[in-house]
Structures are given as structure tokens and as C-alpha cells.
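In what comes next, chain A is part of two complexes: it sits with chain B in the first one and with chain C in the second one.
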Partner chain A sequence: MREILLSVEHLVTEFETREGPLRAVDDVSFTVARGSTLGIVGESGSGKSVTALSILRLLPGNSARIRSGRILFQGQDLLMMPERVLRRIRGRDISMVFQDPAAYLNPTLTIGSQLREAISAHRRDLSRQAVEARAIELLTLVGIASPGRAIRLYPHEFSGGMRQRVMIAMAISNEPKLILADEPTTALDVTIQAQVVEVLKNVQEQTGAALILITHDLGLASELVDEVIVMYGGRIAERAPMRAIMTDPRHPYTVGLISSLPRLDVVLSRLPAIPGQPIVRVGDLRGCVFASRCGLGQGRTRCEQETPPLREIDRGRYAACHYSEEVPLWRPASPVVKKTVSSDTSRDPGRLAR
Partner chain B sequence: MSSDVTSDLVQVRARHRRSRLVQVSSRLLANPSGRIGLVGLGLFVVVAVAASLLAPYDPLEPDYGAVLQAPSSEHLFGTDQLGRDVLSRVIYGARISLTVGFVPVAAAFIVGTAIGVLSGFIGGRFDATIMRLTDIGLAFPGILLALVVVAVLGPGLSNVMIALGIADVPLAIRVARGSTLSIGAQPYVQSAIAVGCRDRRILLRYILPGVTAPVLIVATLEVANAILIASGLSFLGLGAQPPAPEWGAMLAQAQAQIQTAWWAAVFPGIAIVLAVLAINLLGDGFRDALDPKARR
Partner chain C sequence: MNVLEVDSLRKYFAVRGGLSRRDTRVVRAVDGVSFSVGQGETLSLVGESGCGKSTTARLILRLTDPTDGRILLLGEDITQYRRREIRRLRQKMQIVFQDPYTSLNPRMTAYDLVSEPLRVHGVGSPRGRHREVEALMKQVGLDPATGDRYAHEFSGGQRQRIGIARALALRPALLVLDEPVSALDVSVQAQIVNLLKDLQDQMGLTYVFVSHDLSIVRHLSTQVAVMYMGKIVEHGSVEDVFDRPSHPYTHALLSAVPTAHELERTKRIVLTGDVPDPANPPSGCAFRTRCFRVQPVCASATPALAGVGVRHLAACHFAGPPRATDKGVVPS
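Up next is the complex of A and B:
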């Protein structure tokens, strides 16, 4: 077992709203080993981004509160650290790749000056030339052609994919031990997504950094991570190795998430969706967060009375469902299959064994 | 053909890379009101600086042999009740009015911007306290505050300037704080924090450059306002004291003879209007030139 790098314990993060505190992250715990990759998957509002922002304490100070929990990074609690100390960790030990590089790069500064800033914020000993050389080296590493020219350009002169490469270059500039990638490909079109995933994979392997990939795209996660956490309503629904979760989900929400992926092996009249709306949690909640949308629970009183704990249901597999043993036998009503495409043209016939 | 394309690209790149100052000034000049305002204010500045060269007579020396003469080739704007050349007095008046307009506003906006940026950046109780204080400051009409200061410190131009400066600080704080909050909420500032930038660096490199634009616009408009208030106070006898050739004071002295000698009142009045107009136009031009949404 590799050494634990990051350990999030019982994290609770809330936002102040007019109606009362909105619980965005509720009792989330997980660990990340050195050099490992973890995906956090869930729909909008599931708390996955807030979890990542909580780690670096980047949430807006006037509305967000981390209510309780510990976030241990190399044994130190990031939540108890004074801002001054935390600043030295940000960008050096833990760095972040944001969703929309157009918004997260300063439009008035050149790529080079932002990259130099990221480097020299933690390396005050480096000479100007050394910083410059490092900037060019980083741009080369993320696959930007003619980096010497690129450092003099402004973000708006770059395409979306190029900008995301720059963000990745900034994130790895100090050889971090952990990279938090918050929906790094969402703002990009599909062909560029693949390239950026490739870059992310390469730098992760080359720097040996651990990676937390936050995404709503299970397909993307499957290309990058070994283990995945599925979040719903601020809670962890399921945690499992990537391969296992795709073929054998143990939480009704995960089943819904997987079956709403487009498939190449069958033609459906329409894409299956999870009924109902994502939950917004203001005020107290009893029972399972997914109960109102769950096809398996069907209004069983236990689901409405008791919050299911995240329990180990198999080796390395955890699910927060009272009836997770029933999940492999249960299949949600699926839409009409219009026709089955011969399996050799499908992308992954083994996927979603039904 | 292909070299044309390349040179076009080079030009495009060059345009992007021009410094911000050049960009803003070229946009300012492309804007009609900005252009007129800049030229107008430029003329006033030239007149003020070169007053001793341009003025045909001494602005203060009375000439009792030439009292209240109508405009003529000798005295283009005529003479006042003490026989002083109105043109010379209007020319020297430009010095006083520009000083009274710019000095207090510049001082107030430097101080106010610093306080406002810190207030918005630090937030919390500090911010709330500063905001309540500016609320109190803004609740006083500027002219009332000026009257109070003059009543306490006594009449005179420098006291008027102190009053104008004090009156503008809360406004500057408000403007600077507002833009600090909006820039501070930009994702790229969050990204700078995530990279591990120090607060000082974020303030100087990310917040302050964005705050200068709105502050500059409001400050320019306030200069015109300050000139107006100073003239008004001088007209009431609270600002510039005779024999200083201040435009408002000249108006006050000339009002008794306005039916017989209109020129002694009209020309300083026109000077006030033109100066205020030029600065307001410049302020409008700045607003258009600095507005990121209007950028092409």
C-alpha cells in the first residue's frame, strides 16, 4: 500500500443562503495515496467541485463555511493552517487546473508572465533567465509548439485547448505532489478534450503527482483514473475501482449515471435519464439523499428514515445504500431498444453487461 | 500574397502588444467627445502654464484711467471696475481653476483608492466600518461640507481645496471598493491565489490595474465638479479673495455692473463653462475608451 498523501475526513461544507445553510458537502471522507489517481464523479451540484475547492480553501469567504472535518495533507491539517502557511502549499505542493481556462487566465497579462508568476511565487531564488527557461520547458512539456513565441502572447490569442495546456503547465510548474483538476475538459470540444486528457495523463506520469479528477463524465474518468468516487447531494454514493464501477455498480445512482451514457451498441428511442431533479439541500434532511429519485428504494421507509452510511460491501468497494446487495439484480426500466447494433461495431461491448 | 498575409499577422500581433497606455489614448482620440475634451483641456493647460507670456496686461494692476472699457482692440475682453484687463485676468484664472480642480481631486482619489481597495480586499468588519463611514461622508452634500470647512478654517482658496479634497474621499473609496469586489470575484484572481501568489502581488498586479479605469473616469468628472464648486464658493466670497483673478470671484465683482459692463461678467462665466465642459467631455471619452465592453 502506498503512503497516504491526502486524507479528507468527514468534511462538511455549507453555503449561507437566504433560506438557511445549504449543505454542499456532507460528511465526505476519502484518501489519496502518493502518485495515485482518483476521480470524483457526479452531476452539477453534487458537491464535487466544492470538495476540491475546500481542499485548498479557495471558496468565497463571505458565503462558504467549512463546518467540520479535517483535510490532512502529509499529516498536516490544511483547514487549521494559517493563510500564510497554506499559501506556500498552494501551487507548490497542491495545484489546481480549473474548468474554464479563458476565465481563469488573466486576460491582461501574457502567458509567459503568468507562468513566470506561478514559478517564482515559490522559487524566489531563481534568476530571471532560469524562470524563463523553466517556463519554456513547461510549455514544451504540455505540447505547445514554439514556446519561445507563445510566452509573449496573451490568453485571447490562444485557442481553448492551448489555454488549458497553459493552465496545466502552470499547475505542474513546481512539481506538485497533488493536482486537482476541476472539470478540465468541460469547456473544450470533444477532439480537443482527448488531447488535453493525453497531456494530463503524460504530466501525471512524468511528475509522479497524484491526481484528483473532478468530472461529470464517467467516460473521461475511465481514461485517467484508477479509482472513482461517485457523489450525489453532497455525499459519497459509491467508491470503487474504476473498472469495477463501470461493469458492476452497487449504488442505484451509479446505475442511473452509467445507463444515461450514450451507447454505441444499441439504438435507443431516447437516452435514459434519472427521473426528478438534483437535490438542493437546505435545512435538515432525514434518510437517504437519493431516496426521492431512487428506482430501487421505491419509498421503502428505511430509505426515508435512515441515512445510509458508506459501508464496505466488497474488498475496496464502498456504497452508501441500504440495499446495495440488490443493485446487481435490479435494473431500472430502460427505454425501448429500437435495434441492436452488431457488437463488433460497438466501442466497448463488455461495458454495462446486462 | 503569402507575405501579405504574414505582414498582416505581424500587424495584428503588434496591435495586441501595444502598451495599454497607447491603446487607451488611441481609443480616447477615436472618440469625438474624448477628442474635443482632450483638446479643450489641453488648451486650458497651455493657457495656464503660459499665462505670463499670453496675458497682455498685469492681471492685478489697477488702471484707473481705463475703468469699465468695452471690448476693443486694446482690451479684447474689456476692462473691469478697477481698469484691469479682463482677458489677462481670465488667462491667469485658468491657473487657479485648474489647480483648484486637480489638486484636491488627485489627493482625494489617491488616498480614497488606497483605502477603498484595501477595504474591498480585506472585507469583513474593516470593510463594514469603512463603508458606514463613507455613507456618513456621502450623506453630506459637498458644498455643505465645504461651507463647514471654510466656516471653521476661514475663507480662502487653500481651505476650499482642503474641503473639496475631504468631500471627494468617500466617493473615491466607494468607486475603488466596488471595482475591487468585482475584480476580486474574477476566476483569474482565484487562479492566482491557487498558484500561491501573495496578497500584495494580487493587489498590485491583478486588482489595482482594473480599479484605475473606473477611478479615472469618476475622478475626471469630479475635477469639473470641483472647479464649479470652487467658483461658486469664490462667488459667495468664501473662496479666492480679491484681488485674485479667480473666475467665480470675478463674476461676483462684476455682477453689480452687469447691465452697463456685461463683458466683465460674461467672459469669466464663459471660461468656467468651457473648462467644465471640456473636462466632462474628457471624462465621457475616458468612460468609452476604458469600458472593456466597448472594446473592438
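Up next is the complex of A and C:
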């Protein structure tokens, strides 16, 4: 077992609203080992981004509050740390890649000067030449052609995909131990998305940093991470190795989420949707957050009365469902498969190339 | 008769480049696009941002004037229509927008939003309109009792249902769907896709579906046109384009879709580089700068959209299924 790098314990984060406190993150606990990769997957309002922002204490101070919990990074509680100490950790030991790179790059400064600033902010000892060399090295690492020219350009002269590469270069500039990537490819076109995924994969492998990927896209998660947490209504619904969750989900929400993804290789007459709307939680929770949309619970009293805790149901597998043992046997009404095309070679060019 | 026919449609924009005012260049946003859509069919326009799919949709809706070409709606040439005639067109074709958060007036109730098209076009008596609005709301899966609520009180999925009911109010023959589910969560996305399918079956609607999401396109379309830099590069039935793709760009697009299903995992083609500057397109084939089958001829001769099967077209000198000589294929 690798050493624990980050440990989030019983995190509770709330937002002040006119209707009362909105519990965005409710009793979330997980650990991340050194060099490992974890996906936090959920829909809007599931609490995935608020969890990430809570880790770095980057929440809007006037409306958000971390009510309780501990966030231990290398054994130190980030929530107890004075701001100035935390500032040394942000960007150096823990760095972030955001969804919209344009919003985080200064349009009036060249790529080079912003990258140099990111490097020297935590490494005052480096000479100018050393910083310059490091900037070029980083741009090469994220696959920017002719980095010597690129450092003299401004962000608007870069495409969205190139800007995201620059953001990744900045994020790894101080050899962080943990990279938090919040929807890093959502704003990009699909062919560019594929490039950025490759870059993130390479960077993670080469730097040995741990990666937390926050995304709504299970498909993206399955390409980048080994383990995944599925969140719903501020709580963890399920935690499992990536492969296991896709083939054998143990929470009814995960089952619904996976089957509602349209596929390229199977055409169904109807997509199996999860009925109802995502939950907005104001006030006290009674019972299971997913109860009102759950096809397995279907109004069993226990689901309405008792909040299911996240419990270990198998080795390395956790689910927050009273009836998770029933999930493998339960399948929601499955729609008619019009055709399956998985044996088609046309979608597997590599098979021919080999 | 086809509901919609589009023939050699073009839309050029003049953009000012450089520092001088005289230094204007032409962006060919839509450059010779042709297709026809029969009743009850769905044609999907797919491609990445800037490929011209949304401009094509706007041209069809006559929200912008074409530079050249013809648009026929129900056999009628609407290309030269003036403002008043375009207003009448709204009874025959309607649009559903991407973002149900910004496309609905927040000061109007759901009831008012759905009844507005009926009032504006003077359809029916007030009582008849009332019955119609209730029927429309039920049809899209909204409780008519929620009609007095404002748009912001609904969730994203329900707001999109309001948008759809509004578009259907005048009983149009053609609906242009501009990324109608891409702002929604996955679990809700599936609900709206199913609703659109049901409505099409019940009402015999014809759809033009603009999307970058290939997996949803696969579920909703009968024909698919793949666009790149203003041109259709591949066009065919949904089975042809997805199961027998021919253009290298289509291969790359299909392989780039992130997938969560283990069985679906395929070898991935990662294209190098970005989409070229539309004001300064490459000579010959516009895709050649990113293509893994590129040959010298691609720079000199622009490939025509030509048949590669029955009613299956591709614009590539080297069109065809994946082959052993393809470069740039990396294992997933």
C-alpha cells in the first residue's frame, strides 16, 4: 500500500441561501495515495467541484462555509492552517487545472512571463536563465511545438487546446504532489479533448504526481483514473476501482448513470433515463438522497427514514445503499436493443494497423 | 416531397484582418452545402466549433441571409423571402436552443412562454389557446398545474421541455434543434432525447439536429452530415457514417469520443494540431494539415464530395475504411 498523501475526513460544506443553509458536501471522506489517480464523478450540484475547492480553501468566503471535517495533506490539516502557510502549498504542492483556461490566463501578459512567474513564485533561488530553460522544458513536456516561439506569444494567439496545455504546464511547474483537474477538457472540441487527455496522462506518469479528476463524464474518467468516486446530492454514492464500477456497479444511481450514457456501439430504441430531476438540498436530510429517483428502493421505508452510510461491500469497494447487495441482480427495465455493432472492425483501425 | 432541400448553400463573412482597413479577408463559413431531408427524418449536422454547422442552421431558419444557394421548405423556395414572409415561415419551422437558461424570458411564466407563439400569430380563440397550451405541456411531460411558475423555478431539463413546447405550439413541420441537450446533465439528457424521439413519432416531425455529441447523434438521426471548415466532408445514413466511415476526419471524430463502456473501447486516432484559421484556409483539402492519410495531391486538388456507397458521400482523395497504412493511430 502506497503512502497516503491526502485524506479528507467527514467534510461538510454549506452555502448560505435565502431558504437556509444548502448542504453542498455532506460527510465526504476519502484518501488519495501518492502517485495515484482518483476521479470524482457527478452531475451538476452533486458536490464534486465544491469538494475540490474545499480542499484548497478556494470557496467564496462570504457565502460558503466548511462546517466540519478535516483535510489532511501529508499529515497536516489544511483547514487549520493560516492562509499564508496554505498559500505556499497552493500552486507548489497542490496545483489546479480549471475548465476554462482563458479565464485564468492574463490576456495582457505573454505565455512566457506567466509561466516564468508560476515557476519563480515558489523557487526564488533560480536564475533567470534557469527559469527560462524550465519554461521551455515545461512547454515541450505538454507538447507545444516550437516552445521558444510560444513563450513570446499572448494567450489570444493560442487556441483553446493550446491554452489548456499552457495551464497544465503551469500546474506542473513546481513538481506538485497533487494535481486537481476540474473538468479540464469540457470546454474543448472532441479531437482537441483527445489531445489534452494524452497530455494529462503523460504528465501524470512522468511527474509521478497524484491526480484528482473532477468530471461529469464517466468516459473521460475511465481514460485517466484508476479509481472513482461517484457523488450524488453532496454525498458519496459509490467508490470503486474504475474497471469494477463500469462492469459491476453497486449503487442504483451508478447503474442509472452508466446506462443513461448513449453509446456508439449499441443503438437502443430509447435511452434508459433516470426519472426525475437532480436534487437540490436545502434543510435537513432524512433518508437516502437518491430515494425519490431510485428504481431499486421504490419507496421502501428504510430508504425514506434512514440515511445509508458509505460501507465496504467488497474488498476496496464502497457503496452508500441499504440494498446494494441486491444491485447486481437488479436491472432497471431495459430498452430494446436495435442492434449491436461491437464486432465491427471499422471502429477499430488499430486492429488493421497491427 | 422533401420537407427541406438545401442546394449549394454558401455564407461568406468579410473579416478585417491586420491593421489596415483595406485588409479584409473572406471567411467561408458555409461553402457549398447541399442536402435534403424527408418527412419524419432527422438530419444531423456534426462537427467541431467553427465548422459551419450552426451557421447552416441559421441560414435554414432564415435568421441570416445566404451569400448564394437555395433553400426549399415544403417545396417552396424561401431563399429570397422578406421579413413578413419570414414571419409566416415561423409556423412551418421552429428552433429549440441549446441553453434553456438564457433562451427563456425570466419574467414570463411557463404558461405565457408556451402560449406566446399562439398569441403572436393569432391562432385560435383565447379558450382554444388555453386548451392547446395545456395539451402541449402534457405532451412534453410538464404538469399544466405548474404553468404559473416562472422559468427560473424549473430545473434545466424542465426548462428545455418548456422550450420544446414553445417550439411545437404552432405545429411546425420542421424543428431545428441546436445542441438541445448539451447543457443538461447526463441523466436528464436521456429524458429529453427520448422525448424528442417520441414527439417525432407521434407528430411526424422532421428534425435538423446540430450537435457535437456523436453518441447522441447516433441515437437520434436517420442521416448524418459531417462538416469541416464550412464543407460537408462525409454524408450518408447514420449506419453508413458510424459503421462504415470513409473520411479520415470521421474516423478521427468517432475514435475521439471518450467512452466509459469497456467493450466500446477502440484504438484512438489523435489528430495533431488545431483547426486552421478559417480566414486563411489551406490549399486543396482543408483537412490535409491534420490528416493521417495526407499525400502531395491533397495540397493541389480539392476533393469533391463523391459517392463511396449508395447515397453515401465522402470528400477525400483517399476515402475508405481504416487501413493498415494509416498513420497516427495510437493504442488506447
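Definition applied: the second predicted complex is superposed on the first by the 335 of 354 C-alpha atoms of A that agree within 3 Å, B and C clash if a C-alpha of one lies under 4 Å from a C-alpha of the other, contacts with A are read in each partner's own complex, and residues count from 1 in each chain.
By definition in this document, contacts are C-beta pairs under 8 Å (C-beta built on N, C-alpha and C of every residue); 3 or more make two chains touch, one makes a residue touch a chain.
This one's a predicted model, so the numbers in the text were calculated from it and none came from an experiment.
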item	value
Which superposed partner A:Val197 touches (first chain B, second chain C, both, neither)	second
Dominant contact partner of chain A by residue count, chain C or chain B	C
Which of chain B and chain C A:Gly256 touches, first, second, both or neither	second
Partner chain in contact with A:Phe98 - chain B first, chain C second, else both or neither	first
First, second, both or neither for A:Ala221, with chain B first and chain C second	second
Partner chain in contact with A:Glu157 - chain B first, chain C second, else both or neither	first
Partner chain in contact with A:Leu285 - chain B first, chain C second, else both or neither	neither
Which of chain B and chain C A:Leu271 touches, first, second, both or neither	second
Set of chain A residues, in rising order, touched by both chain B and chain C	none
Chain C residues touching chain A - in the complex, by the definition given at the top	48-49, 155-158, 185-191, 193-194, 197, 212, 214-216, 218-219, 242-245, 251-264, 266-272, 274-275, 290, 321-324, 326, 329-332
Complex contact set, residues of chain A against chain B	56, 58, 60-62, 87-92, 95-96, 98, 100, 103-109, 117-118, 121-122, 152-154, 157, 167, 170
Sites on chain B touched by chain A in the complex	13, 16-17, 20, 123, 185-188, 190-198, 201, 205-206, 209-210
Contact set on chain A toward chain C in their complex	43-44, 159, 161-162, 189-195, 197-198, 216-223, 243, 246-247, 256-258, 260-265, 267-268, 270-275, 277-278, 341-342, 344-353
